[in-house]
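Structures are listed in the sections that come next.
Two complexes come next, and they have one chain in common, chain A, joined by chain B in the first and chain C in the second.
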Partner chain A sequence: MNERDVIVIGGGPAGMAAAIEAALAGLSVDLVEQRPTLGGAIYRQQADGGTSPVQSKMARQRFARLSTALAGISANMRFSSVFLGLDADGFVLIENRQIGRIELIRSRAIIVATGAVERILPRPGSELPGVSTAGGLQVMLKETSRAPQGRVLLAGNGPLLLAVAAQLIRLGNPPAGIVEAGDPLRAAALSNVGLLSHPALLAEAAVYLKDIYRAGTPWFRGTRLTRIEKVDGALQATLCDRHDAVRTILVDRIGLHDGIQSNRIGLPAEQTRTGSAPVVVRAGDCREALGAVAAEADGRRAGLLAVSLLSGIATDISVAERAIARQRQAQALITRSFMPVAGGSHLASLPDETLLCRCEGRTVGDLRQLLDRPDPISDREIKHNGRFAMGLCQGRFCASNVAELVALLRPDASKPTPDGLTGQRWPIRPVSIGALTRAAPEDNCED
Partner chain B sequence: MNSFRFLSKNIPFNEGESIAAALEAAGIRQFGRDAVGHEIRYFCGIGACQCCLVRIDGVIREACVTPARAGAHIELVGADHE
Partner chain C sequence: MYRRDTLPATNIHLMKSIRLHEISGSPPSTAIVIGSGIVGAATAYYLGKRGVAVHLLEATAPAAEASGAADGAVSVASKRPGTMMTAALRGVALYRDLARDGLLADLYKTRSTFIIAASQAECELLEKHREALLDAGVKAVALSRQALQKRFQVLSPNALMGVEVHDEGHAIGYEIVHRLVKASGAFVHRDTPVREFVEAGGRVAGVVTPKGVMTADAMVIAAGGGSANLLNLDNVLIPRKGQLLVTERAPALNRAMPGAIMSGRYLLSKGSQKGTGALPSRGLGLVIDPLRTGQFLIGGTREDFGDRQTNDIDAVRRILLAAVDLVPGLADVRLLRSFAGVRTAVIDGLPLIGRLPGRENAYVATGFEGDGICLGPLTGKTIAQMICGETPEFDLSDFDPARFMAGKVAA
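Now for the complex of A and B:
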């Protein structure tokens, strides 16, 4: 059987860097990417292959370096192919969407680099068309170099909102406003001298803020978006500031974003013993969500780790580890700067009709009702009886919110974990049973 | 310019663009309703949330990560709206 040495899942910076390191050491490498091009969400390329005006120069250079290095090695690229999981017999399951079938692949090592998903807090009305994640707006800007038409509001928490705002400005449609739960200017001025040791970060922030200031885009700090309603064919957003003053704003599009979290639901566990089962190493944001620079370093670390495990050759991962540690420190400083301003818990103040889990249509009121009983309910029962973290997205968008709200609603019982709610098993993406029954080991098909 | 069909409409697209990007450019933001009655629409852009599912030549796919293809016929996964 034609077993390869390493299969890398994901064509973002972590996956690309891992593939490069493994191939440079002489291992055979396959790289699996769900889209037809490399880059992941962070380096999503313009559809026509041209230079996107919304990617920063630094980001373009990092992607160009990775692309050049990857072109110089012999990795087998599997585009439009979706990773479904690692089965109990050690087969990697890949849905090859180019030919419409599932392939079973044997590999001595699997490097999983599935990136991050955005954290999105529930808000009444966030299920409406015209509301997307801010990152979702951003990948579309990168792909098309067109700004969405109409008035755009960005809301939530974190520096990504500023990046997307600056990109909208560059494409000629400045946002109607940026709603930020934290007050980063104040927090940075008061306590974050540590940011001075990360000049690249400060320079990036300065560019965004300059563009936003020049465009006259209002930045509502210490403010939360609490409700979205359809009004006269538009979206009415209700904003609540730190003094509980409420105002509404009428827009056409809303991009929500409340942070970044690892995209790791259903991934195989790390497995670094060599033997009959394949080695499994996680890399990049799916291991620890620290952004593109850390992801690339972590990809190198994972690639080198796979090399040493498969070939027994000692590799030096200390350089990569130091780069990751530096990014971890930078991210911690950013998180502190963007800490939401006190004003009660967003989750605790949600009205009962708020959708917690969009896939299954489960609300805050449904969760209250489920928990309103004398005997404690287990994490698995919250999923199986309550249908939370159970739908098509497999809990990627609701599990962490459900876990936190459960903890708020029953403070004396044990706090559920997102993983405990969702469980950990493949397939990690919905797939038809018909396609699964036709799956065959790849090399048998070729015989 | 290349195009695909969305229900009865011809939707033009640029080579390499996703179905979601082409529908967005055509001003289409709602792709019918799902099994629990919510409007299906673009959300995460990375194939994770499963909120933009459409039926492409009979196969259910995420509009956000599926490249547009000339001549493809795109239908709704669930019920049409209104």
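Now for the complex of A and C:
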């Protein structure tokens, strides 16, 4: 069977950089991307292939540089192909959606670069139509270069809300408001001189803030969105500020976002010993969510690591590691700036009827009831009997919130992990049974 | 309960209480149940109902092994004729009672099992098996190819004949365990493996765990594969891996299935009918169960040499090929999850249930292979009756552990 050296999962900055490094070292490389184009979520391309003008100039330059380098090496590109996992016999399972079949691939090393996903805290009413994630809105903006109609409210926590607001403004529909749980201006003024050593970040923030200020978009800082209701065909958002003053705002669409976290649901564990099982290395945001610049550096690190593991020849990853460390420091500063200021935990204060798991319709009250017993139940029991992380999204939406809420509800017992709730089983995404029955090692694919 | 320094005093106290209960035939006051799979959970439940304070000792967590990775068939259909078939009949009846009483009302789904033959050899096997079912008093109706097409419209024309076994059911192992443990009032000690027994005058007075010694009037070992070490039964209890699959919800197809499907091959893989030659080391027996959520559970393998809880594409593909062969509509449904577990089997194919030879107050109940979900509640009830000095409502003599342990001293 035709075994390759490296298979890279994910065509964002980390995956692209990893593929480039491995191929430059003379290894045979396959790059698997679930969409028809490269770029990942961060450099998402327009449906017609071009780069949307909502992308910043620096982002466009970084992507162009990676694309050029990738074009200069010989990597086997597999588009519209979804990584389903690594089976017990060491087969990499890839769903080729162009031909509707599962391809079984042997590879000496697997570099997993599946990026990040948004963190979305549950709120009563967040399942209503018209409510999506702010990142989801952003991807739509990048793909279509068109703003959605109607009044848009962006709410939650973190710098992405500002980026999406600025992009909406650029496309001609300024948002009705930005609701931010932290108060970055105050935090920055008080203690964050450290940000001055990251001028690129400050420059990016300044561009966003200037656009937002000019458009007159209200930025509600130190404020939380606590409830969404349907009122007269519109969405009514209840906002609660740091002094517990409550106001409501009527909009047509709400984009929620409470931060970024690694996309690692169901991924195989890292495996850096060479033997009969393939080497598994994680790269980029799925290892540590630090943004596009760090992801690219971490992709290089992972590519070099795979080279040294497969060839036994030492490679120098110190340059990449220094770049990652610098981004880690920057992200820590940003996180501190955006630290929510409102008192009390958002999760702990949710009413019982709040939906925690959309797929199986499980609520905060269901979880409280499940935990109401003298002996602390295990992660797997929480999963099985609460049906959390058992639905179609396989825990992508609920696992981290459930893990955090469990830790809050029983502080004395061991803290569950999202991975402990979801497990590491394939398929890591639902897949057609018909396609699975047509699973075949690649070389026997021709019928 | 964990105070090592007070053990002797506690023992004296316990001895008194044991003697009292033996004289009066009344229940003991305390019991330790080792293992919280379905058998341990059911034993705890029936002991709890009799007023016994139960401590459930669990090496990891409830339903972490076979009970949490079972196909959930509460079924007579596949059982080997004889004691197992009779026991299964009683097991199914008990589930019906527990559902009627309310305890399992929302967890037990009553449905028929359709055993399907897709080859001439399977037809012959199936006819023989139907006679055995009829002899045992089971309602098993033969369906010709035409009758089958009418009764079971989503079935493929590849089905040559079928037997509808009525009044069977389905239960998800981990849900039943959770419900029984909760209703038992037992305290569950997770991550508490039992290392050895504390013996005292023909009794098991206590158990040694990493957290200390625990004592109780009665002991039940229902620890699946973990029982082998405790009881020196390494050559008697053997692991048998199974791989299973769960799909997304497909309500229309789910509703169109009047019951579960079991391929005639399942009987072969399980050795339910003898004279079919040696069993392969990796058997494939197809079951397709329409779950009450609208999902499907599809199984499964029976692997002698696999003790890893992993799934491989070769097995999954073969299971799904067989499933689509009988229910073509499944090809358009998505697979959500694969999982695997290890069943604990006994080399002679019958479970071990009964008093530990030479030990007055200790009992064993394990080795159900793939029948634990069906027989778990019945076993738990019977063991509880024995412990409490009642006449067991089911004769367990065929399962007596003495057949492997006569004269043997437990670890």
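Simple rule for what comes next: the second predicted complex is superposed on the first by the 442 of 447 C-alpha atoms of A that agree within 3 Å, B and C clash if a C-alpha of one lies under 4 Å from a C-alpha of the other, contacts with A are read in each partner's own complex, and residues count from 1 in each chain.
The criterion applied here is as follows: a contact is a pair of C-beta atoms (placed from the backbone, for glycine too) under 8 Å apart; a residue touches a chain by one contact, two chains touch by 3 or more.
Because the structure is predicted, anything quoted here is derived from the model rather than measured.
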Using the superposition on chain A, tell me whether chain B and chain C clash or fit. fit
Mind working out whether A:L392 is in touch with chain B, chain C, both or neither, as first, second, both or neither? both
Chain B or chain C, by number of chain A residues touched: B
Once the two structures are overlaid on A, work out the angle chain B-chain A-chain C from the Cα centres, in steps of 10 degrees. 80
Contacts of A:Q34 with chain B and chain C, given as first, second, both or neither: first
Between chain B (first) and chain C (second), which does A:G172 come into contact with in this model arrangement: first, second, both, or neither? neither
After the superposition on A, what does A:A439 contact: first (chain B), second (chain C), both or neither? second
For A:D375, using the defined touch cut-off, is the partner it touches chain B, chain C, both, or neither? Pick first, second, both or neither. second
Kindly classify A:P411 by the partners it touches after superposition: chain B alone (first), chain C alone (second), both, or neither? neither
If you stack the two complexes on chain A, which partner ends up touching A:G130: first (chain B), second (chain C), both, or neither? first
Per the contact definition in the header, classify A:G361: touching chain B only (first), chain C only (second), both, or neither. first
Have a look at where A:G233 lands relative to chain B and chain C in the superposition and call it first, second, both or neither. neither
Closest approach of chain C to chain B (Cα atoms, Å): 6
Note: overlapping chain A surface for chain B and chain C spans 392, 430, 432
Okay, in this complex, where on chain B does chain A touch? 14-18, 20-21, 24-25, 27, 29-30, 36-39, 41-51, 53, 59-61, 64-67
Considering only the defined contacts, which chain A positions touch chain B in the complex? 34-37, 41, 47-49, 80, 82, 97, 100, 115, 117-118, 127-133, 135-140, 143-144, 146, 148-149, 263, 358-361, 391-393, 396-397, 429-430, 432
For the complex, give me every residue of chain C touching chain A. 60-64, 68, 174-175, 178, 182, 187-190, 247-248, 308, 310-314, 316-317, 320-321, 323-324, 330-339
Can you list the residues on chain A that touch chain C in the complex? 87-89, 91, 93, 102, 104, 373-378, 380-381, 384-385, 390, 392, 394, 425-427, 430-434, 436-437, 439
